[in-house]
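Below: one structure in structure tokens.
Order of writing sets the labels: A, B, C and D. Residues in every chain begin at 1.
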Amino acid sequence: MQKIPVGVLGATGMVGQNYIRLLQNHPWFEVTYVAASPRSAGKTFADAVAGRWLMDGDIPAAVAGLIVQDASNIEAAKPHCRFVFSAVELDKQAILDLEERYAANDIPVVSNNSAHRHTSDVPMMIPEINAAHADIIPIQRKNRGWNKGFIAVKPNCSVQSYMAPVYALMKAGYPVASLVITTLQAVSGAGYPGVSSWDIIDNIVPFIKGEDEKSEQEPLKIFGRIEGNRIVDDTSIRISAQCNRVPVIDGHVASVSVKFRDKKPSKEEVIAIWEAFRAEPQELNLPFAPERPIIYRREDNRPQPKKDRDTDKAMAVTIGRLRNCNVQDIRFVALSHNTVRGAAGGAILGAELIKAKGYLE
Amino acid sequence: MQKIPVGVLGATGMVGQNYIRLLQNHPWFEVTYVAASPRSAGKTFADAVAGRWLMDGDIPAAVAGLIVQDASNIEAAKPHCRFVFSAVELDKQAILDLEERYAANDIPVVSNNSAHRHTSDVPMMIPEINAAHADIIPIQRKNRGWNKGFIAVKPNCSVQSYMAPVYALMKAGYPVASLVITTLQAVSGAGYPGVSSWDIIDNIVPFIKGEDEKSEQEPLKIFGRIEGNRIVDDTSIRISAQCNRVPVIDGHVASVSVKFRDKKPSKEEVIAIWEAFRAEPQELNLPFAPERPIIYRREDNRPQPKKDRDTDKAMAVTIGRLRNCNVQDIRFVALSHNTVRGAAGGAILGAELIKAKGYLE
Amino acid sequence: MQKIPVGVLGATGMVGQNYIRLLQNHPWFEVTYVAASPRSAGKTFADAVAGRWLMDGDIPAAVAGLIVQDASNIEAAKPHCRFVFSAVELDKQAILDLEERYAANDIPVVSNNSAHRHTSDVPMMIPEINAAHADIIPIQRKNRGWNKGFIAVKPNCSVQSYMAPVYALMKAGYPVASLVITTLQAVSGAGYPGVSSWDIIDNIVPFIKGEDEKSEQEPLKIFGRIEGNRIVDDTSIRISAQCNRVPVIDGHVASVSVKFRDKKPSKEEVIAIWEAFRAEPQELNLPFAPERPIIYRREDNRPQPKKDRDTDKAMAVTIGRLRNCNVQDIRFVALSHNTVRGAAGGAILGAELIKAKGYLE
Amino acid sequence: MQKIPVGVLGATGMVGQNYIRLLQNHPWFEVTYVAASPRSAGKTFADAVAGRWLMDGDIPAAVAGLIVQDASNIEAAKPHCRFVFSAVELDKQAILDLEERYAANDIPVVSNNSAHRHTSDVPMMIPEINAAHADIIPIQRKNRGWNKGFIAVKPNCSVQSYMAPVYALMKAGYPVASLVITTLQAVSGAGYPGVSSWDIIDNIVPFIKGEDEKSEQEPLKIFGRIEGNRIVDDTSIRISAQCNRVPVIDGHVASVSVKFRDKKPSKEEVIAIWEAFRAEPQELNLPFAPERPIIYRREDNRPQPKKDRDTDKAMAVTIGRLRNCNVQDIRFVALSHNTVRGAAGGAILGAELIKAKGYLE
């Protein structure tokens, strides 16, 4: 199979670099185009990130020599990539405009940005949960008069640890009424340079701008369904989230309390549901799909970021400490790798699903 | 005024050392007696902790030269102290026995240990909340046939940040139905050497043995009342707690969601209640009482351990991020210094209250 | 005594804030003027630093309400301050110009910036070492045709831990031939936001731009002497420094190897010299002078940043681990608080010395 | 090829676990025997380390079910392993005795312990440097009347980062007169639980018991040569080492200053020597041999533990910051992974070399 040529917008930033790292040796996709701000344009990628390559290992050789293009110059992209991953760092309106211009020019966009997350005909995907939302793509094209282009987004990193386990229970016949969540989020979630070391060594910061709101609202769309020409939120579930920054490099932890709407599964049943959970990415055997999306650990003191974040290509969610909750029904602790499953890796899995569904032809 | 001579049991451990540090220059109490395991007995305190003095600053000169006694030798203590702070590290039964033997021998015990926390005639004190529980002391003496001795304890460090703010609301006429709490606890809470650096640098451990249970059960007794010859729990409130260890030196943070039983105060009202809150320790002007037991900070990103833990002799609780909760009624983040307010400092305040009430004569 | 009104240039930055914190309740100086970039000008200081007050505790009330002025507007400063501490963050030429304009306008400048450190008639002061360099001030005035103004600077934070102990030995009759130094420097030395947490949690960065050079060259001027109208370096000592950034909040550590030019003191003699060392700041009883400038600790495992940085108002240097060096003559480990002794506190002590010498009238 | 059955003594400790992790899928060796203290004996390995498995990933399935034996019971080992890796934690005399008993019983011992490092007929191996020392094995057997058994050891983790680069220069014709070294060592070097988090978060500890001495003395033997029936130290080089503990999980950094005996290579020459350096492990293509034992990075700010420790199976030494030294001749910063290259991995490479040389038949 010929690999699909892919561009990365915002390639010099931390998320962009992570795309480049993760797409090394990808069986379907190949980075053939890198774009960033005009400041970097015209340099080789290696020169553009000199002294700022943040990933482990060296710059992949195939990308090091690519000439960085100005991300706003869509014509430059056309000959070189079938679709793009977008990790540009601009203000919201500029992102909305730029991503729509790419899509209107027949270049699909799979985006990390929050700008389009609540655009009603843009799917916000966690492929194990709402693979069906990919089917909004032809509707989106029709809504907007686009031909081959489309926009798809991934949700915020903070929600990734608790969405799959909650969804697995819902799907198994235990609808959920409410969630009370406290997150302990790694510094890499803030990008680079992101959190000042002065603020976080020997400290906790109980605030991440906009994060409580994203953690409460995005799940409603992810759990929603396509109605007519748009995706409609599932408003039957109430979520309260309090997000904290902690001195951890990678890996977001969430302490979750769940109340079910009707009946409540036993502890053994919950674990069995999680361990049996498989979804379309697994059935389609997508390259970035973890074999088991949810891993339950029986040790008292797991999951831990340092020990569990890299499980199964850093794409699995690890859970532990399932107990009865004295106030709602059950409690557990969940972990996902925020810059892989929660960012570039999650978006790659989304693109794989979209490709498998035939929307990237 | 002549200072009251005080002993410290378990004086060579981390909590014991903190007592010695905090009681330096105390206006009422003076450390005149130190006891520990037989291994340390017979050495000067300075020799016994050589290479293991964990506090900032040097060993207080007045204590450095005291000869450490065997804590099990109560006769040795009698001539030298009116009462003792107990921070011995033994198994539960041994602590129960030892503390009772001191009390039976006319030496009151104010203890950091959990052994007696659920003994029904032993007060578990947060002086701003249940000063009235000190009045169980004459009943306890009568129950047990003791003369001058008694046992009083302080609750677990994990509850200290959220108890005062919740109590202030209850006292102001807003009874509480339930609390969902997630704590982020500092490593000093585990004592010394306590948490291995290998386990906690770049990591979170979502488990502290026994801590969820203590955090859920101890508040019920603290909110309880004296009935007949014992303290009866307040069982009208349900608490769910999930306790995490984080890489912070000092200062426990709690993310708290509160549901009220009947009516719900407005945000402004809650803040006003907290800022106006004063209790017996403030009225009695006790030496370790913070001027304002609850400090509300309006900045988005507070409280933080590094910035707020030392507020007002490290005895104040600092709160921030008061918001509506989508699931219960309100949410907030609370912080207290775990080894001062949550341990030795809290016990000293308790002893001050007991003294002010006349039970130390 | 009427306090001397003082201005802080660059008052809203981290160093500026530290001046404001440290000058609270200073017996001689009072902050009456704050200046920063035009962006902050016109706001109250409290508004200008809203959300960016980095110090422990609250903004001193007397400064919170001051209106921030544009630092380039010297006329505004004239009525309000007798001299200024400069912590502006500009490029080197702009700092040179600005500080000279203040001085030319009769407002002395005591500066944290490196711009003027190697200007030959500007004293670079560690008051315990080169108090005599203050006597360049009348010469500087004459050189430049200034009346009341002058410029004095403090050296880099990285040199503060080893300069006093080395100087004490030199002064006691043991001239030094060479130093091999490795520093372990705290993140606060990089200012705010400074070092990214992504770069330093679970990591060491063996490079701080310009720091090796400063650590090697500045001591030569500090050990120098006034000759004619300038300060001449002491070039008899060779210094090799390798500077590392480590995940510590405050406190720079240096591992130092010393070779003497002629004879070598015994270990006991070295310790005795250090413990007996006193200098002009101590004799003059300056407010910020530590009682003992050099504290030698005999424990194996000291000095440590967390335990020793705050010793004696964070102005003392703490030393430990004195041993023979297999290659040079002796080795030791030294520590100083980089943002107090090494920055604002050191500059305040310098200003106190200059005041005591009569150059601030 | 049939794999060689191998035992691990002290298998339940941190170093023992690391052997088991690293030997997974080893092409030559297979862990078939695990032994520890009598406390663990009789349990499956999985049960013996329940709650104490410290490695990333799960316990290798092939080892999880092995029954842990009492390490002092050599008869039990005989049928199951051709040789053993020793990571027992006993006092020095007990280790000396135990390892000698294994060797006397025809079971060779490759040891992490320091007990036998200065035994004159025991090779202390860094295979890239002193592969020739393996040839003491037949002499050792003869000295002691042993048949198939022998003892070989690996040096301390603290020396691993600077030995290869210094040796490469010596071998290229630049004999070295002296080294001044300061190390910044990771907490994993202290084993588990090892360093208390209370001691090292926001802190540096400038002392590791015995480490300065090991870092100064072990290189002399490693650089030595076989004379008659023993290895004689190279005493022509003087080494001064000051060892610090820093809050890093894995990866020891050394800041090194080198003085050459005669001539001094240019900077370009030094880098060329390091980059060209290959030795017997590379020529023999040993499984654990890094392709390039020394990697020089030209970026200003490398090596860094987090970025470089895992290079080439965590077996390569990474160097950076080569500069002239104002006091000696050159300075550089070197890094090696302390628990892989510096411990179990280095010992495995040593065993591979010994096997390749035919001493394991």
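Operating definition for what follows: contacts are C-beta pairs under 8 Å (C-beta built on N, C-alpha and C of every residue); 3 or more make two chains touch, one makes a residue touch a chain.
Being a predicted model, the structure only gives us computed values, none of them experimental.
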Higher C-beta contact count, B-C or A-B?
A-B
Chain of greatest Cα-centre distance to chain D:
B
I'd like the Å distance between the centres of chain B and chain D, where a centre is the mean of that chain's Cα atoms.
47
Taking each chain's centre as the mean of its CA atoms, chain A sits from chain B at a distance in Å of 43
Length of the line joining the C-alpha centres of chain B and chain C, rounded to whole Å:
41
Can you list the chain D residues in contact with two or more other chains?
201-202, 247-249, 300-301, 306-307
Tell me, which parts of chain B touch chain A in their complex?
178-180, 182, 184, 202-207, 209, 212, 216, 238-240, 242, 244, 246-249, 253, 255, 257, 259, 300-307, 320-321, 323, 325-328, 331, 333
In the complex, chain B residues that touch chain C:
51, 56, 201-202, 249, 299-301, 306-307, 310
For chain B, which residues are in contact with chain D within the complex?
54, 187-188, 192-202, 247-249
